[in-house]
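Have a look at the structure below before the remarks.
Naming follows writing order (A, B, C and D), and every chain is counted from residue 1.
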Amino acid sequence: MSGTRGLFIPGPTNVPQAVRLAMDIAMEDQRAPDLPSFTLPLFADVKKVFKTEQGQIFLFPASGTGGWEAAMANTLSPGDKVLIARFGQFSLLWADMCQRMGLEVDVVDVPWGEGVPVEIFAEKLKSDKTHSYKAVLVTHNETATGVTSDVAGVRRAMDDAKHPALLFVDAVSSLASIDFRMDEWGVDVCVSGSQKGFMMPAGLAILAVSQRALDMRKSARALRCYFDFEDMMRTNKDGYFPYTPPLHMFRALRAATDLLLAEGLENVFARHHRLAEGVRRAVHAWGLKLCAKDPKWHSDTVSAILLPEGFDSAALVRHAYTKYHMSLGMGLNKVAGKVFRIGHLGDLNEIMCLTAIAGSEMAMRDLSVPVEAGSGVAAAMEYYRGAAGSTALKNAA
Amino acid sequence: MSGTRGLFIPGPTNVPQAVRLAMDIAMEDQRAPDLPSFTLPLFADVKKVFKTEQGQIFLFPASGTGGWEAAMANTLSPGDKVLIARFGQFSLLWADMCQRMGLEVDVVDVPWGEGVPVEIFAEKLKSDKTHSYKAVLVTHNETATGVTSDVAGVRRAMDDAKHPALLFVDAVSSLASIDFRMDEWGVDVCVSGSQKGFMMPAGLAILAVSQRALDMRKSARALRCYFDFEDMMRTNKDGYFPYTPPLHMFRALRAATDLLLAEGLENVFARHHRLAEGVRRAVHAWGLKLCAKDPKWHSDTVSAILLPEGFDSAALVRHAYTKYHMSLGMGLNKVAGKVFRIGHLGDLNEIMCLTAIAGSEMAMRDLSVPVEAGSGVAAAMEYYRGAAGSTALKNAA
Amino acid sequence: MSGTRGLFIPGPTNVPQAVRLAMDIAMEDQRAPDLPSFTLPLFADVKKVFKTEQGQIFLFPASGTGGWEAAMANTLSPGDKVLIARFGQFSLLWADMCQRMGLEVDVVDVPWGEGVPVEIFAEKLKSDKTHSYKAVLVTHNETATGVTSDVAGVRRAMDDAKHPALLFVDAVSSLASIDFRMDEWGVDVCVSGSQKGFMMPAGLAILAVSQRALDMRKSARALRCYFDFEDMMRTNKDGYFPYTPPLHMFRALRAATDLLLAEGLENVFARHHRLAEGVRRAVHAWGLKLCAKDPKWHSDTVSAILLPEGFDSAALVRHAYTKYHMSLGMGLNKVAGKVFRIGHLGDLNEIMCLTAIAGSEMAMRDLSVPVEAGSGVAAAMEYYRGAAGSTALKNAA
Amino acid sequence: MSGTRGLFIPGPTNVPQAVRLAMDIAMEDQRAPDLPSFTLPLFADVKKVFKTEQGQIFLFPASGTGGWEAAMANTLSPGDKVLIARFGQFSLLWADMCQRMGLEVDVVDVPWGEGVPVEIFAEKLKSDKTHSYKAVLVTHNETATGVTSDVAGVRRAMDDAKHPALLFVDAVSSLASIDFRMDEWGVDVCVSGSQKGFMMPAGLAILAVSQRALDMRKSARALRCYFDFEDMMRTNKDGYFPYTPPLHMFRALRAATDLLLAEGLENVFARHHRLAEGVRRAVHAWGLKLCAKDPKWHSDTVSAILLPEGFDSAALVRHAYTKYHMSLGMGLNKVAGKVFRIGHLGDLNEIMCLTAIAGSEMAMRDLSVPVEAGSGVAAAMEYYRGAAGSTALKNAA
C-alpha cells in the first residue's frame, strides 16, 4: 500500500509528530529523584484541559472503560442507585457496567440519535425527594451516533431540584475537542481517555474528580485495588505512583497538553466545530441525513451518517478501507449497517477532512448510493474557504 | 547531561531499537478487517514465551498489578481461601491485594531473602483434607530481594498432596528472562507485564491462563468488568477487543516476541544467568553479601546487595543517579536503606553490566563503603571473558 | 498548526513510515567487519531500480546537483563538446554547470513546455561526422515544467547516426516513478537523488554508470577528489567507502528499495500514471492548461499548471501554504508567477492527490481564479473510482 | 545480539536522543516562506560553535572530505603553493587531495605520533620572503594517531613572519569537543563535519570561512559548481539554498547546536578532557603507550593505543566487535595492526567510557596481551571519582 492511510475513525485519532516523538525515548526510572519535577506540573496542566481548579487528576494505565470502572468503584457501593440515559452503544455499555458492578440502574431509553433528555432527568430528580439517586451519569458525546448532550442543562436540572447526587460525565470523545467545563458545570467525575482529543495512542484513562466525589472513597464499598483512588493519591501527591507507571504515555500526555494549551482550548473547540460543520455541509449536499436528529445534538467530533434504506454501511466501510486506504467508523449495535461515521477530532485540519469527504463520496458512488459526484466536497470546500480564514491564518502566524 | 543514562533497575528495562521502532507508527484502526491477521498470530506466539500450548493469553492495558487483579477476579470469589508466602515487597503487595479483594489469605511469613517455603507449603497442602485452599500463589521472582522461588517444587508439593487448588504464579520479573514452563509445571494463571523481560514500556499486563482456571470464570463472583475474561474471550477469538486496545503496545509486543524467539528462550535464559553471575562475582569480590540468603534463591534478573551496617543504600542510589547518571534499584519496605539493587534483565549484554558494576563501585567508594577499587569489575570481567565465549560468538554470527 | 501539512511539491516527497524508521537508528561503525553484508546487496538491488545489469552504482553524500558534477567530472574533460536541450530550470542549470566545468556546450533552446527535440538532436548527430560530441545530455523529466522527454528516442537517433557519444540522463525526478530502462536504452550515466522517487530525505546522489562511461575515468582530465569514481570503486568493491558514508541514508535506501521492489516497478509506474492522470483531469475540469504543451510531454511525477493571465502563481502558492497548510511547487525562472506545480510522486495514493486538488481549488477560488467549485475534485474522483479499482485492491491484498 | 553495541570509534559518534528525534520528522518544503526563520538563526548559532563572529558558515551535503574540497576550490588555484605537515592518515589524505587539485604542496613529514611542527613551519614562513605560500594547512586533531596540534602556535608563527597566507584548519575531529577559536586564532577556513562533535550522522560538511578567504573566491580559478561558495552565499543570505538542502540534517544540527550551547562550550571541552584523561590513566595502568609521543600532543577526542610488539591490533578490534559487541577504531596505514583507538568524543559520559575501557581490557586479555585484570578500569574509575564531581553534579542540577 502506498501513501498514508486515512484515519477518520472517532479514535484512536492521528498522533501529531510532537506526541509521537515524545514517546520515542529511552526508558526512565519511575523512582528517580527528579521525576516529580516532571509529574507534578503535568497533573497541574492536565487540570486546565478539564477546566478545573478544584478537581484531582488520575492517570490509570487503562482504556476509557477502565476509567469508568475507576470512577464508579471509588465513589459508589453495590446497591446504590444511579440515573442514566441510553441512546447509543457507549451509553449502553456504561449502563451495562453499572449493572454488572451491582448498582441499581435507572435507565432512560431514548431513541438513538437523541441525547440526554434533560427534561425527563429534571422531572425524575425533582420527584426523588429521598435523594435515592447517588449519581447522575451523562455521556457527553455519544460516539456511536454523533450526539452531544447538554451537561450544563443536566447540572441546572440537578440544581433546580436541589439534588445532591454526584454528576458523572463520560467525556472520552469530547474532552479537548468540545467545550467542557468541569468546575463551572459542577461535574464530580469526568472520565476521558488518551486516544481521542488528547491525540495519543490508547492505553491511558484520564480522570478528573471533584473533592466531593473524592470524599466518597471512604464510604464506597466496591472492591477495588488496581483502580483505587486512595493508593494513587497517597503516592501521586509526591509525584510518584503505586505501581509502575507508563512513563512513555505521560511524556506523550505532556506533549499533547502542551499542544492543546498552545493552540488554546477555545481555538481547539472552534477548529473542531469548523471541521465538523464542513462535514455536515457535505452530508447535506449529498442529500443524506445525520443520525443525530436535531442540530442541537450535532457532535463536533464525529458524524454518524445514515445511508438510504437498502444500502449496507458495513460494506461501505470495508470498501473504503480496501479500495481507498481509509478507515471510517462502522455503525454499532442498533445502527449497525445503517450508519457510517466520520471521526473529525484530534490532530486534523481542513484538507484532511476533505480527504475523508472525498473518499466517502467515491466509496458511496462505487456502491451506487445516489450522491452526486463532487457535491459533498464542493459544499465543504466552499464552507472551509469562508470559515478557515481568520483562525487558520492566525494559527499559521 | 551528556551520554546515555545507565538504566539498571529491575524494570522498566531498556527498550531495544526494534521494539522502540515498532511503536513509532501511525495510529491504526482497531476495527480494521485485516487486524486479526496481526493479532491472532501474536496471541499464538506469546504462548510460546510462556511455554504453554493449552493456555489462553490475555493482554490488558494495565500494569502487572492490574494483571494480578484480573487473575484473581476471574477465578476466585470473596471468602475463598488462598495460600501465599510473604518474603518481599511484591509478595507482600500481592497478599495485601488478596485481602482487599475479600479473600481469606493464609500468609506464610518467611525472612526477606528466602523464597517460597516449599516444605511448609507441602505440609499445609497435605493437611488441607477439605481442599479449603482454592489457590496457591507463588511469586516466582521477588523483585525486592532478588530471590527466585521453586515453582516446580510447589507443583510437586501440590501433586504429592493431590491438592486441586489452582496454581497462580507472579512471573512479572521472571518471564522471558528466567526459565518458566507453564504447561510442564501445571501453572494455572501466570501474570506478567510488558516492562521487564518483554523489554517494552510499562502499560501492558500479559497473562496466560489454563483451561481449568478459565472454567472458574463462570463461578467466580468477584465483580469485574474492565478485567473480565469473558468479554476478552468473546472478542479475542476473532482477533478483536472489547474496548479500544493499545495497538502500539501490541506492535511492540510483536517485535519483542520476535526478538525473544529469534534468540531462543534457552539462550535468553543462559544470557541472563551469565550476566547475573558476573554481577554476583563482583558482589563477592567487593566482600558484600546478597540479600538472597542462599545460592538456590539467586535471581538471574535482579541482585539485591546488602550494604554493610551503617551505610544508607538510599543515599547510594541517589548519589549514583546524580553523579554518575545511572539508575539503580532502591531498597523497599523492610530492606529500605539496607540494600541497593542492580537489575540485570532484558536487553542487556556483558559490557552494559560492567557499566552497572563500575558505576556502583565508584558510588560506594565515594560514600566510603569499604570496597577495593576495581575489585568488582575485575571479577566480573574475568568471569565474562570465560563465559561470554561461545554464546556471544554464536549470537554474533 | 493542527494536522498534517500537505506536501505536494515535486520533492522532497513524503517519506514512508518504513523509510523514516530505517533511519532512526543508533550510529554504526563504518569499518565494521559485517558492513559489506549490508552494502553489497544494497548496490545489487539499487541496480534493479535503474533496470541495469551492467551498470555500476555510486552513492555520493550530495544532492542531485553533486550527482551531475560527479557524472561529468569523471567522464569528460574541459573543452569536450556536449549536446543538450534547454527547456526548463533544471535543464538550464545542467547546461550552466557544463559551461562552468569548461565544456563546450551546444545548447538547443526549446520553448518551456516542450521536451528534448529528438528530430533536431537526430539531425545534429548525423551532421557530426567527426564525432565532436562527446556526450548527449537528456533531462528525462523537467521538474520545472512537468515535461517528460523521450530518452529511447534520443538513443534511436544516436544509433541511427551511429554516433559514439555517451548518453547522459538526468532522472532525478523520474527514476523509481516513471519508466526508465538504463540497459535497454543504452544510457551511459544516469543521475538521480534520494528525495524524489526514492522517498527519502535529500542528501544522497544516486548514480548508475555504464562500463563504457567508467572507462572514460582514465582519460577524463577534470579535477575531482570528492566525486572521484576511482576512489569509490576501489573501496566499494569490498563494501566500504573512501570517506565516512552516511549510513543512516543507506539504511533508508535499503528500506525504500525494498518498498519499490515489493510493489513492483511496473506497478509503481502505473500508480504514478494513475495519480497524475487524476490531476490532469482536474486541470481540464478547471478549464486550465498545463505548461506541458502536448500529451506526449505529460509528466507523471509533476504537473505545472498555468494560471490565466493576470493571476500570480507565487501568491497562490503562498496563500495555500498559509491558509490551507499545504505546499505546492512554485513557478521557477521563465514561468515564475505563471505556473504552480503539483508534485504527485513518491509515497502517494488517490486520497492524498485529492487533498492536493481540493486545496489548490480552494486557494484558486480564494484568489478569484475562475474555476468552478468542486469541478476539479469531482473530475479526479470519477477518474480514480474507475482507475483505482484493480491495482488498489491488489495492493491491499 | 542483545543490548546496545558499544560505539567507541572516533566518529560517527553516538547520536543523542534529542538529535535523533529532531531528524525523525515529516519532510519539509525547502522553498517555504517561513524556512528562513529557521535557517538564519541556525547559521548564527553555528558560528558560536566555531567561536567566530566575522566568519561565514557553509553547510554542504557532503562528508568532511567534501568540506576540504570546498575549502580549497573556492580560495586557491591550480599551481598555488601550500604548506602542510603529514603525520597521520588524515593529514596524509588532505595533502594528497591538494596534489590532486593541482596545488604545489610543500609537505613536511613528521613521525606519526607527533603534530604540526610549529618551529619548522615558523622557519619556512620566515624564509618565504616572496610569500609563495598561499595557504598553511593544519590538521587540528589527527584522528589516526590521537594527536592534537597547536593551531594558535601556527598563527603566532605566521604573525611573527608577517606572512599573509591563509590559515586552513581541519577541525573535523576537534570542533565542538576540543577548544577551538576561529577569530582569536585568525583561522581563515575551518572544515568540520556532522558526525563527530556535532553528534549527528555523517553527511553534512560544516565550514566557517573568514571574510578574507571569502574574497579569494573571485580570483580562485579551480573549477567548482557543487561546492561553489558564491552560489551558496547568494541564496543563503535569504535563508535558502542553491539546490535541495538536506533539511532533516539541518534539524539535527539545530538540536545538536542547542545541546552544545546549553552545556556551554567550555563545559563540553572540560568534559572531553576529563573523559580522555580517564582513558589515558587506564592506558598507563595497563603498562601501554599512546601513539601520541608527548603529553602536549594528547588528543581529548581519540586515543590511539600501541599494542606491544607481536600483537595484532586489527585482530583485537575484530575480536572486541564479535565477542563484546563494541566498536573500537582500527589502526590505519602506517600504524595498521599496531594501534587500536578508543574514540571518546561526542555524547559520552564517564560510565560509557568505562565500558570502552573494560571491553578493551577483556579483549586484550583474551588475546594474551599482558595487561592486569581490572587495572585499567580501576585507574579510570579512581580518576573519574575525583574529576567527575563538580561538573557532573552541576550538569545534573
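To be clear about the criterion, a contact is a pair of C-beta atoms (placed from the backbone, for glycine too) under 8 Å apart; a residue touches a chain by one contact, two chains touch by 3 or more.
Here the structure is a predicted model, which means the values were calculated and not measured.
Under the touch definition stated at the top, subunit B and subunit C share these contacting partners: A, D. Between the interfaces A-D and A-B, more contacting C-beta pairs are found at A-B. Compared with subunit C, the chain whose C-alpha mean position is the greatest distance off is B.
Measuring from the averaged C-alpha position of subunit A to that of subunit C gives a distance of 45 Å. In terms of their C-alpha centroids, the spacing between subunit A and subunit D amounts to 53 Å. With centres taken as mean Cα positions, subunit B sits 35 Å from subunit A.
Those residues of subunit C in touch with two or more other chains are numbered 4, 14, 24, 26, 321-322.
The residues of subunit C lying in touch with subunit A in their complex are 1-4, 6, 14, 16, 24, 263, 271, 321-326, 347-352, 354-355, 358-359, 361-362, 365-366, 373-375, 377-379, 381-382, 384-385, 388-389, 392-393, 395-396.
Subunit D makes touch with subunit A in their complex at residues 17, 21, 24-26. Chain contact summary for the complex, subunit D toward subunit C: residues 4-5, 7, 9, 11-15, 20, 23-24, 26-33, 61-66, 68-69, 78, 97, 100-102, 193, 195, 201-204, 222-227, 242-249, 318, 321-322, 327, 329-330.
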